[in-house]
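First comes the structure, then the notes that go with it.
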Amino acid sequence: GSAGKNASTGGASGGVASRTAAAAQDMSDTEKVVNWSNWTEYIDTSEDGKSRPTLDAFQKQTGIKVNYTEDYLDNDEFYAKVRPLLEGGKDTGRDVWCSTDWMVSRLIRQGYVQKLDLANIPNAKNLDDSLKNVEFDPGRQYSLPWQSGFAGIGYNLKATGGKKIESITQLLTDPALKGKVTLLTEMRDTVGLVMMEQGKDISKFTDADFQAAIDMLQQAKDSGQILRFTGNEYTEGLAKGDIAACVAWTGDVVQLQFDNKDIQYALPEKGFTLWSDNFVIPALAKHKKNAEKLIDYYYDPAVMAQVAAWVNYIAPVKGTEEELVKIDPELGKNPLIVPTDEVLARAQVFRGLSTAEETKYNKLFSALTTA
Amino acid sequence: MSWIKRHLITFAAIAVLIYMLVPNVIVAVFSFNDPAGKYNYTFNEFSTEAWTNPCGAQGICESLGLSLQVGVIASLAATALGTMIAFALGRYRFRGRSATNLLIFMPMATPEVVMGSSLLTLFLMLGVPSGRTAILIAHIMFCVSFVVVAVKARVATLDPKLEEAAADLGANPTQTFLRVTLPLAAPGIAAGALLAFSLSFDDYIITNFNASPSSITFPMYVWGASARGVPVQVYVIGTIMFLLALIVVMTGQLISSRRNRQVA
Amino acid sequence: MAETAVLSTGSAAPPSRRRRNWVPYALLLPGILWLIVFFVLPMVTLASQSLQEGNVDDGYVFTANFSIYVDALKQYWPQFVRSFVYAGIATGLALLLAYPLAYFIAQKAGRHKNLVLVLVIAPFFTSFLIRTLAWRTILSDDWFITTWAQNLHITDFLQAVGLTDNDSLLNSQFAVIMGLTYNFLPFMILPLYTSLERLDPRLIEAAGDLYASPWQTFRKVTWPLSLPGVVAGTLLTFIPAAGDFINARLLGNTQTTMIGSVIDAQFLRVLDYPLAAALSFILLILIVAMVSVYVRRAGTEELL
Amino acid sequence: MSEQSKGDLSLVALTKSFATFTAVHPLDLTIPQGSFFALLGPSGCGKTTTLRMIAGLEEPTGGRIRIGETDITDTKAYQRNVNTVFQSYALFPHMTVVDNVMFGLRRRGDKDAKAKANEVLELVQLGQVANKKPTQLSGGMQQRVALARALVNRPDVLLLDEPLGALDLKLRRQMQIELKRIQQEVGLTFIHVTHDQEEAMTMADSIAVMNAGRMEQLGDPATLYEQPRSTFVANFLGQSNLLRARVNPGGTDDMVTVRAHDVDLEVSREHLPDGVGDVWLGVRPEKLRLGESGGPNHLRGIVRDVSFSGVATQYSVEMPWGQELIVIQQNDGSNRATLGEAVTVSWAAQHGFALDASQDAEAGAELVDDHG
Amino acid sequence: MSEQSKGDLSLVALTKSFATFTAVHPLDLTIPQGSFFALLGPSGCGKTTTLRMIAGLEEPTGGRIRIGETDITDTKAYQRNVNTVFQSYALFPHMTVVDNVMFGLRRRGDKDAKAKANEVLELVQLGQVANKKPTQLSGGMQQRVALARALVNRPDVLLLDEPLGALDLKLRRQMQIELKRIQQEVGLTFIHVTHDQEEAMTMADSIAVMNAGRMEQLGDPATLYEQPRSTFVANFLGQSNLLRARVNPGGTDDMVTVRAHDVDLEVSREHLPDGVGDVWLGVRPEKLRLGESGGPNHLRGIVRDVSFSGVATQYSVEMPWGQELIVIQQNDGSNRATLGEAVTVSWAAQHGFALDASQDAEAGAELVDDHG
């Protein structure tokens, strides 16, 4: 499989790590555990939702127990949570997590993540070529992608009264949705979608473009259209129907469909964002080697295919498509997992931001989301 | 009609009580649910599974353990510190009394966000790591005032004649304190400790400012879980704690009232 | 915990005692030291933090940047106003609800007194987050409460007065205020109970004996005598409610954001410490100002 | 509130039962308008309950209450023209003295409330503390405020439930005089509950003695004291010496002799209940004289205790059969006795009274210990 | 705690000043071992302060306290062999009755504490409630527990600070008898503070009357009562009729005449202070007789009030110059008077006493109102 576009040109200022992350005494050999923090709805689960087949298999195979915690709801929040520890030179209690490109860039810059020991990850060679060389981590020294995907629109037919929600404008203005719309706290997705709706190219937008998008959002918010800005926790509300429609990561929505046929997604005509989330190993991780073994495990196309079949995101591992078809030929036709050119043509990547820009835009956006 | 009128207050009181307890009923009911998906919001099927395995959700019992541990230590420490202050305020006249009173009142008049964030600011500046110790420090701090108020109310009603009587009967100051003053203040101290424990056990806002990812208290666990689907076990533990509180306080009451009625 | 003198007000200064006068100071020392180091000092730090400039990555320097207070107020005054309005309404409602219950426990519950008291306190032990989440279930669209409210046109009414935005109950000003009222109700009930328990029922009989109708008896005797409890209860409800954001987050929407939420987000998400500190400080100052005016007007000078 | 026609207060078969217990058995009583009436009896005998029914604070189980021609049984407390002075005073602590006193007038919308209140405060000599709070006053002053607060309403009936119970002896005696003076001045019907017998006797025009929810005897103080109709009244109202005796047959129209412990003693026939043979012969301690000057009835005994109390001295004189008689001798210069002395005790026939011996000689004289 | 040698309690120039106020002026007093001593005086006169100094609860400003030969002035309260029965009892509410009683013995490590406690509880007739909590007892019972708790320690001196003040009249009289009995049984020194004058007179071997921090008079009850040395004592201890008079020159060895309101009255010379011309001629109400039988001193007046109290009747007789004399007449069959009647009041010369007229006739008789 191929993501087609390079979804990972995120960090403009990326490249050289300004600081080096400290390594801890690796306990991997004595403690057969690895602590993995990840987003919700981001791994395969059994039908009853009570176990995670690929993780179970990993543990069986290696004897390493994975403490899998879905406490990564949002990049900023997660960063704020671990930063004091990383800054203070303390262990975060985690060995690996999956951060979005731009966040990886920041983590590398601040010396909060360690270099990967590729000797422990032979399968790293399976990394999709288009993702091998990214601006924020040249040569993939610090990070390896977990999944890529789109941010689009998710909605619940029951709550929209059977109405389809297909554009951002509709999302932000349709009175039928009043007070039942959520947007993401992830600035690049929310603002990106709006800018595209306004006909801008998010790979090269200006301050004015950004401000225009913020204005549109502010208007929607002031009109009472928007229920909340959320991280990954929108899924429960969407499933329940408290949220009629939202900006969502498409794979999440597809997963909800298994339990609830009213759940729908739409990729806006004017464009939608493409991103990827990447494994990183934080400073002072106690089980670095185990984490690398875990990454290696998932870089086996057969394993990755199982994940992709469930999560409905784009796998970064070569050969996944072939394995997918083996599981279910239909999956090969899923535009979310194996995007067609037509879909990819509409997808855009948010451009990298300088530190100053990031501060400026964050301030504008957070004034919107926190107040 | 006049019967209703005469019992208006009773009806109103019962209605309010129901309002207060409805959420607990819901929690209890949903603790017996076997949810359809990972979200426990509609009653799907009766099940006692979560009751048989209350630690079944990852991390839940660790967080409960931490909360209980913090609650016990914080309430003990706050009770010790607060009781001493209460005795000083309730028994002595000294310079700086009103300043002390103000200092005791201020934490109660400070919103939790302010307290939590200011402490975080201090810790950030001093480089004190967040985590268990920081949580404990914070909890002791905000519990002290409540203990002071509870104990002082009791100490203020203590008859100083009783201490004089003890001295008159040959008890030296230490004996007087241990045998008379302390036992008499005990109900107030117990009330203060219980209040401190429940405040500590229930606190989210201040805790969240000072917790680290490796020190998740039970309320923080619940908060986190609320974002990714609350496991049924949370409802089980909520119900258990509710019942536990009922039982503990009721038996405490029973024992003391029986002791009072003894040989009546 | 029937010993709920806990949250009461008003007590006279103790008789002066002839003893070595280092004793009270020794008793005070550890606790007061704790409060100074972990309450007063943080407030000072907070104040100083608010006057710094910089960012997380490059550090902060003290610049006595007082304009941040002006900016913070300019930008977030609606959230401040909202917080105080919600807290005020919730306090009023809590008083309305708590009074009959507290009166009942204090004067009418007889031997059920302890049971009812325990029922008031026990929910403390079920984390309030869990209970607030339960409200989300109770108020959600697919539950009968909302359906009833719709059938009885309560939702229409709420919408008309602007407490809700649509025909749901959840995620609205209504839900937030309801949640605040609910969560802080025990803090209203307990001090009210303590002061009503001290109310001599013979005074009520005396009022009746002196031709006061039940309502006049309440207005002229019961209410004024319960004022210390009312003051304590309203403070213990209003203050935390004004700083709360959990209810607004779990039960509200973007139109109901309270200042606590902003502070929390600025501290823990946005990492704009000076702004966050300034907001905290403003909140503290406003509350202290309102409390002192209120306490003075209510005439209960010594609060403890 | 309705102006009720004034008149005598009548209780007709008034009854009160609590769940398991009848506090007041059917009680019939008429209290003339303007009189000072005392209700006396041991603790728990139903005095307060009776008063509360009259005030409307307790609903009777049966019977009627009337003032003059008006039946007020079903009138609400706050609509009755009856006021109470509570033992605990029940002053409103958050109001000044004058506000307390005005309370009732204000409720009825009296325009002159202030003037009337001040007038009554003058009456009880509290004009100067009108603007203080009750807690700033002494017990006696509070007591007078409570009185003023009730008086000012000019109720048909004023109920006083042990209004002096909490005062110390000296103050109590002073307040008794005050109270009596005020009642005579304002001329209202006072019903005064007390278990201080001397208080009842000094103050009241008539007294009802209650026992266990029933009225034992009703009458003016002197009659009740001199001619008690039961051992309960004899013992409860003052002290009595009761001698077990048998009525001798015969006697004169005026006089009967009874035989007590082998001594014949005279007693007025009118003081002997009809048709009884075994009696308690009663005589009050102050009617006994040391020496033979008291009258024809003589008993000899030994002085076992002498107790000086200023006005009088009280002696305990042991009879040959072990019983101790109490003798009270005013310290007016009359002969005294010393401890251990053998003395003669004497009294006149008309000072004795005889009671049916089927009664308990100790009734009404028990240690009233369960009262605390 | 040290065993102190027993003996008389002596206070030598004992003084107590508070910041702005001297509560006890230098006080000299010796109380013989084993006696029942009463300290009497109006509220605020310094009784409690004196007791607290003896108990060690208050530090004297000056003077010494001795028991026998031992000076205990500087001994700590808990080291003194002195115990107190407080007016409020001050029983430990968290302990049973027997634990309360054992408290003192336990503190001294007495092995027999339990047995001794039970014995004392029997003495005060409370054996059956040993295991109850004080709050479950009546006031009278609590009072006896407080007594037992102090008695059991066999202190050199037992201080009783208005131990009966909170009891009602009837119970109070019973407890007085109890207390006296117990004191006679155990033979300890009791110092009893009360402001019930009758109580002091009935119980005590000797009485000290205090006024405003000073001792006014000390003596046995009868002497104090019959021969008060000041108007304060005359009024405070019982009632007195005081007539303004001038001593006539002359008179016999035994007798003097004084002229009061144009009437010559006789008074024993020994009852007249030396060298004074203007006097208050005092006579107790019970010494006055209605009619002429009382003695050579006669006054005529009109009966203005008659108050029956069972044992006696009290009359107010208005003199031509407006003063009302109080006459107490025992109800022993002697002649009575009616309201409005013109009567003669008479008394014997030896029943009068004369006091220096420079004193206030009302001293000690004021409304004791500030006590509440």
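List of remarks:
Which chain is which? They are A, B, C, D and E, in the order written, and residues in each are numbered from 1.
The working rule: contacts are C-beta pairs under 8 Å (C-beta built on N, C-alpha and C of every residue); 3 or more make two chains touch, one makes a residue touch a chain.
Not measured: the values here are computed from a predicted model.
Path length between chain A and chain E in the touching-chain graph (shortest route): 2.
Between chain B and chain D, the least number of touch steps comes to 2.
Common neighbours of chain A and chain B, by the contact definition above: C. By C-beta pair count, the most extensively touching chains are B-C. Measuring from the averaged C-alpha position of chain A to that of chain D gives a distance of 93 Å. Distance between chain centres (mean CA atoms), chain B to chain E: 55 Å. Note: centroid distance chain B to chain C, computed from Cα atoms, is 16 Å. Of all residues in chain A, those that touch two or more other chains are 81, 240.
Counting partners per residue, chain C has 140, 142, 268 as the residues that reach two or more other chains. Contact between chains, as defined at the top, is found for A-B, A-C, B-C, B-E, C-D, D-E. Every residue of chain B that touches chain E in the complex is listed here, in rising order: 159, 161-162, 164-173, 175-176, 179-180, 183-184, 186, 260, 262-264.
Taken in their complex, chain C has these residues touching chain A: 55-57, 75-76, 78-79, 140-142, 165-166, 168, 170-172, 253-255, 257, 261-262, 265-266, 268-272. Partner chain B is touched in their complex by these residues of chain A: 40, 49, 67-71, 73, 81-82, 84-85, 88, 90-94, 231-233, 236, 239-240, 259-260. If you check the complex, the residues on chain A that touch chain C are 74, 76-77, 80-81, 83, 110, 159, 178-180, 185, 221, 224, 226-229, 240-242, 355, 359, 362-363, 366-367, 369-371. Listed in rising order, the residues of chain B touching chain C in the complex are 9-10, 12-13, 16-17, 19-24, 26-27, 30, 41-42, 80-82, 84-85, 87-94, 97, 100-101, 103-115, 117-122, 124-125, 137-138, 140-141, 144-146, 148-150, 152-154, 156-157, 160, 187-188, 190-192, 194-195, 198-199, 201-202, 204-205, 208-209, 218-219, 222-223, 226, 230, 234-235, 238-239, 241-242, 244-246, 249-250, 253.
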